[in-house]
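Next up: some structures, all given as structure tokens.
After this come two complexes, each holding chain A, first together with chain B and then together with chain C.
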Partner chain A sequence: MNELVFFINNVVISGSVSGSIYAIGAVGVTLIFSIMRFAHFAHADMMTFGAFMVLLLTTAFPAAGASLGVPTAVLMLPLAMLLTAALAVGIDKIFYKPLRAHGVKSIVLVIGSLGVTLILQGLIRLFSGTGAQSLYVDDRKEIFRLALPFEGARAPIVVTEPQIYLFVITLVAVVALHLFLNRSRLGKAMRAMSDNPELAQASGINTHTIVAVTWIIAGALAAIAGTLLSLDVTFKPDLSFFLLLPIFAAAIVGGVGHPYGAVVGGFVVGFAETLAVFNWSVLLRPFRDSLPLWLELPSNLAFVGTEYKIVVPFFILVAILVWRPTGLFKGKVI
Partner chain B sequence: MSNLSKTRNPAYTPQDATPTRSFPLRELILFGVLLVAVLAVYAIMGAAYSTRMLVEAACYAILALGLTIQWGYAGQFNAGVMGFVALGGFCAMFFSVPVNDAFWGTALPGEFGRVLLYGAAAILLIVGASKLDRLGVPKPLRTFITVVLGVVLYLVVISQLREVTDAIEDQAGFVGGLGLPPWIGWIVGGALAGGVGYFIGHICLGLRSDYLAIATLGIAEIIKAFLKNSDWLTRGTATVSPLPWPTPGPAELGFTLSRAIYLSFTAVIIAVIFFLLNRAYNAPWGRMIRAIRDNEVSAAAMGKDINKRRLEIFVLGCILMGLGGGILGTFNSLFDPQGYLPLNHTFLVLVMVILGGPGNNLGTIFGAVAVYIIWIMSEPLALFLMQLAVMFGESAFGWDAPSNMDSRALQARVLVIGLLITMVLRFAPKGLLPEKIKSHS
Partner chain C sequence: MSSTTRPLIDARDVHGGYGGMNILNGVNMTLEADEVGVIVGPNGAGKSTMLKAAFGLLHINQGEILLNGQPIQNLPPNQLVQRGMGFVPQEKNVFPSLSVQENLEMGAFLKPQNVKRMLAQVYDFFPPLYEKRRQPAGELSGGQRQMVAMGRALMAEPSLLLLDEPTAGLSPLYMNEIFDRVKKINAAGVGILMVEQNAKQALAIADKGFVLAAGQNRFTDTGTALLANPDVAKSFLGG
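Here is the complex of A and B:
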């Protein structure tokens, strides 16, 4: 039984945690891809920026959340989303819009976004230093231990407070995005533009507004993903290069330009990562006595060591590009 | 594609240049300024330091030439130069470091070879299983058998490999080198980088160009993670040094002279590469590559095999990066997997290429040397500016500066590289020495 609890803690919960974060990040990337037709490499740094804004605000008002009974960092999240959305719109105005106006190839925009990545990284490190910092400045990280009502299950299922916030906020964000894209006028216009930009423009849709709205949504989602990730572990300014690959893999797995696909892709990549680094011999241990003698169980049966975690999204990316480049849900842009 | 070319700005589209050969005034001025800068560095920092800087700049020039044929000749964006450089550096280390008797004198090589044989046998079995449908096995069953067999055999082989590598680490430290001349390592490094490039290019080059950038970014991080964590092969964070030079080392001739010899050695290699690339650029092959870059559809209509040509050029660029990485690694005389950073080995090279002039080999070499000098000199400059800011802040506002100011000042260089990339793309998309397009009207 304890082995099963270990499995739930290490695979089900941590897989959902990283899956949710990848999902939110990938939705932003895929929206930008479907509207502006380029892979936005600065997305992971927008996530870091959002988390950094939360860190700054939390350090400035450490006691604000205590009166409402929530961690200050969660309380500051809407403000950080606003700031990151403003940053995203500003970046587009300064860096991407002139390039688009020149009619460059999309790959030039990709290089431009790499430049923006470095700018953001430099700025964040300049102001925050290079070390890791906790977003829980004045609060305490609650840890919930759920004991299982079974005989022989001694180890409890462990869920931390930020993980619960993470699941709730992910759910809210996905539902809100779904309602926005399907019910609101602006959301329908966005989908029209992703299907066919010329036709959308010809039918009277203001493409500049759509681009701005896309950046606002992408920025706000990036702030959510970055903050929730930093809440779960700690705030680190150099996360981006490790986040980019899983996020892009998630967006491509789900089919580029396909927001629901990106959510699915995020969970696929998140669970694949945790399943690959999970030590499977733990689950086989209860059956050790019934195994034949010649089959000696090694103590470590993980597919890859945790230090090679980044291989997993890459492998998924390669596999999907080889067998189904349009993604699981037939993305539109290819 | 077609709607893009209609809206394209004239600054980005190649225009017919005048067929008359004009006096290379721009080149002369830029290289003159570069010469003055180099002499100034020699005057201020001393000969040994400056020669080191020039050798490193020369190594970066090889990397930049590799990137310029990918980006400038063919419009492919490689965001993982670092990975290919690290592969080259690893091969230079592996081939040139003396033989480790603590490994080769024991039973460990046999054990290791046995695991490799197991791995080969496992691959054969899996490939065999994937062909089972030819024997009449239904396809879903075949796929199921292949996947299960793959997972089980992979786990068996990998756990065996873990045992052997742990034993190597415990008993011998690390595998050691082969004790061969470094240039063999450079060539093998180039070949290995080319092989990895073939694998990536084969998958991505038929798809959107963005995917290549994502995949190369990923493979670079994977190569670095592998080299950093495989202590049995590379000693990981413990680093390997010294690496022998193919030329007389500093111990025999002193720093300046030995580095100068290494520099001339590197310069000869660059000259050969430069000559061959220029020949290739002006040859029908180069014209075809540029035709594919400028208008893929019409090149395909002319019957050119676009994906094959793209793969050729991508692999060629990766080979140059591996070679340059090997030469750089040997010169540093230290193999430190953690020293490979995206900023220093990917984005710096990118800036060299787009600032110097993508597609123009001379411009690329100019960009490499100029940017490297700025990069090296920016370190003391950033520290100085930061100290100035701190002093000003303390005296004017009583600001209490954080203690890790030095490490933060170096982060400012990340910012500057990023700004440079975006500014060049915006204001000088063709670089300082633009590609010259010949027209035969």
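Here is the complex of A and C:
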């Protein structure tokens, strides 16, 4: 029984946590690709930027959330989403739009976005310092322990307050995006432009508006993902290093250009990571007595050590590019 | 419909092409409101290029095009849609992942208040589309896609519809159906300018015919007169 609880805590919960974060990040990457046809490498730094905005606002008004009973950081999230959306639109105006106007190949935009990565990361580091900082400035991180009503279940299922916010906000974001893309006039125009940009223009759709809307959505989602990750662990200026590979792996696994594929891809990568570092020895322990004598159960049976977690999305990325480059949902090839 | 004497579209001595190379070397084309104009001619004559030039998809470096008396050469497509021009490309003319109805809605993107009324009208023109309205357009047959594409363009209530080879690759059954729809759309007060490979059938429904060769008008007359002209028949209609 305790082994099952251990599995839930270490795989189900932490897989859902990283899955949600990767999913929201990958949706942004996939939307940008489907409208502008380039891999936006600065996306993970837009996530960091969003989290940094939350950190600044929370430090400035540490007690703002207490009166409403929510952590201040969560209260500041909508504002940070606005600021990050504005940053995304601004970056596009200054860097990508002039390149597009010259009709450059998409690889030029990709390299341009690497430059933006360095600029953003440098700027954030300049103001935040290099250390890790908690987004819980004045609040206490609640930890919920749910004891299972079974005989012999001593260990509880552990969920923290930011993880609950994370699940709720992810769900709301995905449902809102779904409604936007399928019900609203702009959302449908976005899908139309992703399908066939020339025809979208011939239909009278203003493609500049669609590009701006895409950046606003991608920026806002990036702020959510970065903040949720920083809430769960801590804020660091180099957060993006650990996010870039998984979110691109997630977008490609899901099929580039498919927002729902990106959500699925995010969870695939998130669970693959946690399953790979999970110590399977724990689940085998109850059957130790029935194992043959020559088979000794090692104390650690994980596929990779936790410190090498980052190889998992890399492996998935290579595997999917080799065996199914269009991803699970038949997307475009990056 | 106003009773002015201004033609719906008036292209005068149009020169243009891609990247410095001219494909059009002085095309003239005049179409009154409510007329069907058909452009025919051999491959490479500049038929589709002329339509694209009219719709702002290619640079015109000499001559002018007037739409209801207003110069429109080199305006971007979205402004031309606003001024009452609709364009149906020959290929890639639907949004494959959008449903049929969403495709149509995109046609009325600039006039969202008209969506309901125009949807009813388009479904009236193309009844098969109503049954398939929830299906992704990418799953439809070629003929049905052509209907979606024409319907999409009609959603913006154009006064002039440009059709680039609407029957290309269709079975004879669908071909007749499309010609039939073109006549019906025209009867509803929409001027039509189309490029067609099936020259005889197209000229039969044309008020005006333009035979292009090497980027210039070779013959310009009424559809029936062109069909009766032995020179046109010999060189361009396959005898």
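Just so we're on the same page, the second predicted complex is superposed on the first by the 331 of 334 C-alpha atoms of A that agree within 3 Å, B and C clash if a C-alpha of one lies under 4 Å from a C-alpha of the other, contacts with A are read in each partner's own complex, and residues count from 1 in each chain.
In the analysis below, contacts are C-beta pairs under 8 Å (C-beta built on N, C-alpha and C of every residue); 3 or more make two chains touch, one makes a residue touch a chain.
Here the structure is a predicted model, which is why all the values come from computation and not from measurement.
Trainee: Just from the overlay, do chain B and chain C fit on chain A, or is there a clash?
Mentor: fit
Trainee: Which partner chains sit in contact with A:198 here, chain B, chain C, both or neither? Use first/second/both/neither.
Mentor: It touches chain B and chain C both.
Trainee: Per the overlay, which chain contacts more chain A residues, chain B or chain C?
Mentor: The partner that reaches more residues of chain A in the superposed model: B.
Trainee: With the two structures laid over each other on chain A, which partner does A:98 touch: chain B (first), chain C (second), both, or neither?
Mentor: The first partner, chain B, only.
Trainee: Check the residue A:206 against both partner chains and state whether it touches chain B (first), chain C (second), both, or neither.
Mentor: Only chain C; A:206 stays clear of chain B.
Trainee: According to the stated criteria, A:185 is in contact with first (chain B), second (chain C), both, or neither; which is it?
Mentor: In the superposition, A:185 contacts chain C only.
Trainee: Based on the superposed arrangement, let me know which partner A:321 touches: chain B (first), chain C (second), both, or neither?
Mentor: A:321 contacts chain B only, not chain C.
Trainee: Hey, in the superposed model, what angle do you get at chain A between chain B and chain C, Cα centres, nearest 10 degrees?
Mentor: Nearest-10 rounding gives 90 degrees.
Trainee: Measuring by CA atoms in the overlay, how small does the chain B-chain C distance get, in Å?
Mentor: After superposing on chain A, chain B and chain C come no closer than 7 Å at C-alpha.
Trainee: Is there a shared patch on chain A that both chain B and chain C touch, and which residues make it up?
Mentor: Of chain A, residues 198 contact chain B in one complex and chain C in the other.
Trainee: Contact residues on chain A for chain C in the complex?
Mentor: Listed in rising order, the residues are 185, 188-189, 191-192, 194-196, 198-206.
Trainee: List the residues on chain B that touch chain A in their complex, please.
Mentor: 3-4, 7-9, 11-12, 75, 77, 79, 154-155, 158-159, 162-163, 203-204, 207-211, 213-215, 217-219, 221-222, 225-226, 228-229, 342-343, 347, 350, 354, 402, 404, 407-408, 411-422, 425-426, 429
Trainee: If we count contacts the way the header does, which residues on chain C are in touch with chain A in the complex?
Mentor: These residues of chain C touch chain A: 55, 57, 76-78, 81-82, 87, 89, 92-98, 102-103, 105-107, 109-110, 112, 152, 156.
Trainee: Write out the stretch or stretches of chain A touching chain B in their complex.
Mentor: Its residues touching chain B are 38-39, 41, 95, 98-99, 101-108, 110-112, 114-123, 125-126, 129-131, 198, 241-242, 244-245, 248, 252, 280, 298, 300-301, 303, 305, 307-308, 310-311, 313-314, 317-318, 321-322, 325, 333-334.
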